[in-house]
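All chains are identified by letter, namely A, B, C and D, in their written order; residue positions are counted from 1 within each chain.
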Amino acid sequence: MSAPEHRTATGAPRRRHGGGRGKGRGERLMVPEAEFTSYYGRPIIKPPVWKVPDVPAYLYLGGLAGVSAPLAALADLTGRPGLRRLGRIAAAGGATASVGFLVHDLGRPTRFLHMLRVLKVTSPLSVGSWILAPFGALSGATAAAEVLGVTPRLARASGLAAGALGPALTTYTAVLVADTAVPAWHEGFRELPFVFAGSALASGGGAGLLAPGDVTPARRVAVAGAALELAATAVLERRIGFAAKAYRTGRAGTVLRAARAGTVAGALGALASGFLRGRRGRALGAVSGLLLNAASAATRYGVFEAGMASARDPEYTVRPQRERLEARRSG
Amino acid sequence: MNPVNSLSGPLADPAADAGYAAGHPPRVGFFTDTSVCIGCKACEVACKEWNALPADGVGDHGAAGDVLGLTGMSYDNTGGLGASTYRHVAFVEQRVPARDSAPVDLGMPSTDLPGAVQPGADREDATEVRWLMSSDVCKHCAHAACLDVCPTGSLIRTEHGTVLVQEDICNGCGYCIPACPYGVIDQRQGDGRAFKCTMCQDRLGAGLAPACATACPTESIRFGPLDELRERADARLAELHDRGVGEARLYGRDPDDGVGGDGAFFLLLDEPEVYGLPPDPVVTTRDLPSMWRHAAGAALAVAGAVAAAFLGGRR
Amino acid sequence: MRTWIEGWPVYRQLTGPDKLGRGTASRSDRTESLRARTQDADRVTQSICPFCAVGCGQRVFTRGGRVVQVEGDPDSPISRGRLCPKGSSTLSLVTAPERVTTVRYRRPHGTEWEDLDLDTALDMIVDRVLTTRRRTWQETDDEGRHLRRTTGIASLGGATLDNEENYLMKKLYTALGAVQIENQARI
Amino acid sequence: MAEAHPVGFQWVMEAKRRGATVIHVDPRFTRTSAVADLHVPIRAGTDIAFLGGLIHHVLETGAYFEEYVRAYTNGPMLLREDFADTEDLDGLFSGFDPETGSYDTETWQYAGMTATSSAGDRDLDVHEAERGQMPGSGGAPIATDPDRDDTMQDPRCVLQVLRRHYARYTPEKVHEICGIPVETFRRVADALVENSGRERTSAFAYAVGWTHHTVGVQYIRAASVLQALLGNIGRPGGGILALRGHASIQGSTDIPTLFDLLPGYIPMPHAHRDQDLATFIEANGGTKGFWGDLDAYVVSLLKAWFGDAATPENDFCFDHLPRLTGDHSSFRTVMDQAEGKVPGYFVIGENPAVGTANARMQRHGLAQLEWLVVRDLNMIETATFWKNGPEIATGEMRTEDIGTEIFFLPAAAHTEKDGTFTNTQRLLQWHHKAAEPPGDCRSDLWFYYELGRRLKARVAGSDDPRDRPLQDLTWDYPVDGTGEPSADAVLREINGVDGEGKALPGYTALKADGSTSSGCWIYCGVYADEVNQSARRRPGAEQDLLAPEWGWAWPMNRRVLYNRASADPDGRPWSERKKLTWWDGERWAGPDVPDFPVDVPPDYVPPRDARAAKAIGGAEPFVMQSDGRAWLHAPAGLADGPMPTHYEPEESPVGNALYGQRANPARQRFERADNPYHPEPGTPGAAVYPYVFTTFRVTEHHTAGGMSRWTPHLNELQPEMFLEVSPELAAERGLTHGGWAHVVTARSAIEGRVLVTERAKPLRHGDRVIHQIGVPWHWGPNGLSTGDAANELLGVSLDPNVHIMETKAATCDIRPGRRPRGPELVTYLADRRRQAGLEEEQR
């Protein structure tokens, strides 16, 4: 690798943030911006080795499954067989595919079962595995019963159990990414669970819009989820300081802007579909549901990319820490 | 006695915290004194020879991925720590004012170096070059994020208070990699598992020092019980300060820092980030209880939202 | 069954002191059986580093006749157990897969290497030495000064040769009358 | 030192920790500079000006150790009236013959000598031009005490001559020549003076940065003069320490595979009409000091080699030794090879195809051989030049045209054989065999033993007198089950035995009557008491700092040479802090083995007819010198002047600021088409090669790479050939950091990746800026990391004393981008040579 950035082998290039506002222009800055130093611009933390689409898909599908399961369970209890059927299949399919992507992403896939070797509350992935495993079994059994049309009582019980686990499935993934040294993820550890919750609701609800019969609860879930996601994202970007740049710029920024547009459009469409009768309403609902799911997947991918970008650029690591250190020194 | 669920703050005995009975060996570590490092890289080679690590990148010029071939980063053609590199010697070249000029604090990165001379100008007498070298290694944190996030129990605390990847357990989930605030651990291409410094766990068991510390010609890398190393480091720091080396500072020595103190700590001659180290690392799991609370809240919101959606009549 | 369940770290977490699975509960079989390969060496041989002239002490660990580790000899008052990167690479140097371990022969004007038996090679070299020596012998120079030599056979040795090797070289060459005997020491 | 001898450098760091000042003088800012208290950048090839400046400072400020200088150096000795200095002759000493390019050294002698000067001069059969080849082991034989003035005020005394010689080496001149600011120079001078004297000592450490010059020997001499003036020789913490680069390079000169030496620095005999052993001894031995026993050393050597065949009647087979007729050094030989005059070549653990200056000439030599034997661990370039040498690529050679028959025999590694290495401090250390060599790999000991055995068998029945030496040669060594001869037995032969076959205790036991044998007199004692002393390994922690029971140092296990000088003339330590060897009333005492006849009291005055060791006065510590003193002025033994003088390198960008004589007048040059030199500074063509380059080594590789370019863990650390340039030079030539550039000389062009570094600092020379390029040494076409070899760039010009080449300073050009490839390279180089006006001149 050559190092085109450097004119010489001299180390520690010092980069001034907020380019163009340097000393030479006669401007007087209110607070002189701290210079940022790094080791040849190399990242300080290691960017995750998690692959695309494996991990974003795992995050998205977990959310979809986690909302579909309670949706199906309650649809079962409230006599909405269409929603029940679709929810059960979405829950099981999402969980299975989610596990599939997770295993595929492992460096040693044959050692997948090592995930259940220990139960570590300090490890969101361990906790998640212990949620995902029973959830997968329960939702799988439920869906099997649904498809085969057997043992509806058992299916109801297992469906309820899966439904109870489902919400946890939607948000542990937020802890999973936040419990890292990746600045854009860690700094957002308070907001990310709500972003993921909202995004999961939007996708689960959105999927429900594809079901035959009454999909009102799904529509409500979708719209509420979209609202939660948008609100939580807005809070996230406002509160996490310098790391917010990772969500606004680059590929992550582009993807997240598209996701937001999709979410807004999908939510509006879903809402509107409630006022339209017949096939047009159903069709609009279905399109909105698909759009919401696409947007939800894009949100996870955007969050993923924001994290990757913040891991690759040492400035995300150094600046906040340096500021913290200076504040501590002076205060 | 440590609280069993300690996630941050000082931790007197990490091994006890991990279930080792009283009478386990003392916590050991490295004190790397960069003021006597000559950048010879014996540590890198001795480590790779002992641990039978593959070379990463010979003859491969500029392929994607890690640093291969000549990097242009002074004499550092290693780039950083990685799955096949448990020791990494950083080389930093700096132009600084000549030592005979008025003293300046070289450690502060917030200003341009006083007296810096532009290339091309006559630099006779005005400046001199400072070449910093530092052998980086896994910090074996008191609170090790890599260990805590590991879902398989592959990463463990050993009886020596160090952090070890168990190769027969790791399934390559990769979680430890972004969890490390220092960017130490990494996944080995073609193998899939994560690797990092073991502090030569096998050698420790045989009563030997790790390979790097054994080889180090100038005792820049010292190995020993952490308590002794901390005393030695304090004395060395005082000595350097007495000699007017005001820029010397310890890094990772303090048990009150964000990771509960490093098992491998350093004496540096400039700010940590100059060497590629984070200036104020915090173990991510410090915030884990709060994360779980927020996640629980959000999950409840999900549950509530789904439940609420079924309220009222059907349309 | 009981052993099996005890082998499951979750069980050990629940029943032992390591509730969080950070240490004792999670240890694997491999970890429990880790041993330094120097412990399993049949023999430790004291040696000297072959690179520069500082003369650092080395310990060579062998197992089954194969070198398994080379590291600094702490007894050496010169090096006190330390080695530089080159010295530290000695294991790779002596066990390199690229190391050539058979005789290679290139015939005059040949375009490829050929195999050759070591014994045959020695005899061929003996032939060459004797022939060349006879052909290029100088008994006296034009002024009648005694020479009793050949300038047809030259030798250039590296400076990693042992003293004993240099001694046999100088002794043999001198008896052959070869004078262009040189060494890295001049280069 | 930190770069190439990191483990030795631990002791420098230890000293620094205890308060020592570490000063690093080097054209480049290296790892050593990084931890030194002061780095002094110097223009490559100007160290004598710098050291001369220090000598000037010490003499003019009276900072020399007067008592030491008076008693232990030749400072008081008076020189002949007809001696003329460089001050008088504008850079030449008296006695220079411009036709032969060599000196008649007679006028350099002391006044009042009854015998005429040095060995060579008496030896009328040896031609003038061959005298440089005579190493002058014993220095000038002195028959009587020369005239001297112990007040050291006489204008003809050495100290005053020295003062005049260095009068113009002022700090300002040092600045002008070396580029070292006056203030920096003063800091060095002050530190050196403050740390020398009774209570303190300073040491100089050097490596090939000092020896690889056309004035290399005089570099070391300059340090010797300075250290002798400061009283820093023979005392703990003092000295001039050669940091040698190979495990047994010291051993390779002690037991030399060098053309001009027999074991123990005994000169090889020269062509002669009627020289017998006695006249050889007379011509080369001294009358005083330990060289006075040369007869015992030579006879014992001949007994070791020819055994019972060597008798007093046949002069101990002295006539079996072949005779020299001048320079048969490696470079001369290679030129002869290139002309087809040398059919056979053994290359043993060496890689001249990339490792020796003017590598192209080396390969042309290889290509003209009839047969070549290469023994090595790896498939080095010397064995593969016919396949992938640069000349194959340029079309200058075709594989099919190369008639060289090549035997590549794989060698055993040090772990696979017993033997001794002699390290840089003369310490013999035994390495034990740890494993069997794989496949056809064999030790070089096996190879030569086997070669000798077969050769002897083949000539056993011969009646050709030429074969007599071979027939008489002792060659009986025990072999083990694998056929490996016993290195232990060889070492014992080197040590030597007495008439009863018992191992000798030391060289003082050697006899000239044929009753003793010893393969190398200075190693005699390594097998004392029938014990392989080199294999002693009492842990250092159980011994004092000298660790006398670890290995064995020649001579006689002494760790500090000339340690008699650590005591004053009366035998008392100069200071308590720096005591090492002293007279305790009965004998010389102290932790080290005294480098002095142990029971000769300080007040001993030898009788006038005493000779050899008996002629050493009790206050004359330099026991190998014929006058017992350290030489500030060398009355004999050197081919290029009695006092070090600043000369510019063969190629330098500027003229000599001190004298009209630009470069060493006695240097060895080879004006050949395949060895073109650059135009002198100031001539029109000089601008074609405007920059200075200096070759260097990095920690991660070993010399020409034969032992490091096949090791993955080293190659990943320094994976590519690179060129170190300053930002200023990069700007001037448009070089990009990380990009390619090529360095051009009249010999060749090599490419490398550019490392623009502020460690490289342009130097001022008057109103000129001198740019210096750092070119590492280690690459070649084979191995895991490959690249062009620095030796392609270098021409061959040699130090006249030891025939070592100048690699540390030469001129070049540097251009962005890769070098031309294939035949284009040949035309490119020729074009540049034509621009420089060299091509017409040469062809």
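By our rule, a residue touches a chain if its C-beta (ideal position, glycine included) is under 8 Å from a C-beta of that chain, and two chains touch if they have at least 3 such contacts.
Please read all numbers here as calculations on a predicted model, not as lab measurements.
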Quick check: more C-beta contact pairs at C-D or at A-B? C-D
Using mean Cα positions, find the chain sitting nearest the overall protein centre. C
Mean-CA-position distance for chain D and chain C (Å): 26
Distance between chain centroids, defined by C-alpha means - chain A, chain D (Å): 70
In whole angstrom, what separates the CA-based centres of chain A and chain B? 29
Whole-Å distance, C-alpha centre of chain B to that of chain D, is 45
In chain A, which residues are in touch with two or more of the other chains? 2-3, 6-10, 117-118, 120, 122
Could you say which residues in chain C touch two or more other chains, in rising order? 9, 20-22, 25-26, 70, 79, 82-89, 92
Going by residue number, chain D touches two or more other chains at 6-7, 10, 699-700, 712-714, 717, 727, 737-738, 755, 757-759, 784
Listed in rising order, the residues of chain B that touch chain A in the complex are 7, 62, 67-74, 79-80, 90-95, 109-112, 119, 132, 145, 148-154, 169-175, 177-187, 191-194, 270-271, 273-281, 284-285, 287-288, 290-292, 294-303, 305-310, 314-315
Can you check the complex and tell me which residues of chain C touch chain D? 43, 45-58, 60, 62, 65-67, 70, 74-80, 82-90, 92-94, 96, 98-109, 111, 113, 116, 118, 121-126, 128-130, 132-137, 139, 141, 143-187
Looking at the complex, which residues from chain C come into contact with chain A? 8-10, 13, 20-22, 25-26
If we count contacts the way the header does, which residues on chain A are in touch with chain B in the complex? 1-3, 6-12, 14, 32, 34-40, 42-50, 66-67, 70-71, 74-75, 78, 80, 105-109, 111-112, 114-115, 117-118, 120, 122-126, 128-129, 166-168, 170-172, 174-176, 178-182, 185-186, 189-191, 193-194, 196-197, 200-201, 204-205, 214, 216-218, 220-221, 224-225, 228, 274, 307, 311, 314, 317-318, 321-322, 324-326
Residue positions on chain A within touch of chain C in the complex are 116-122
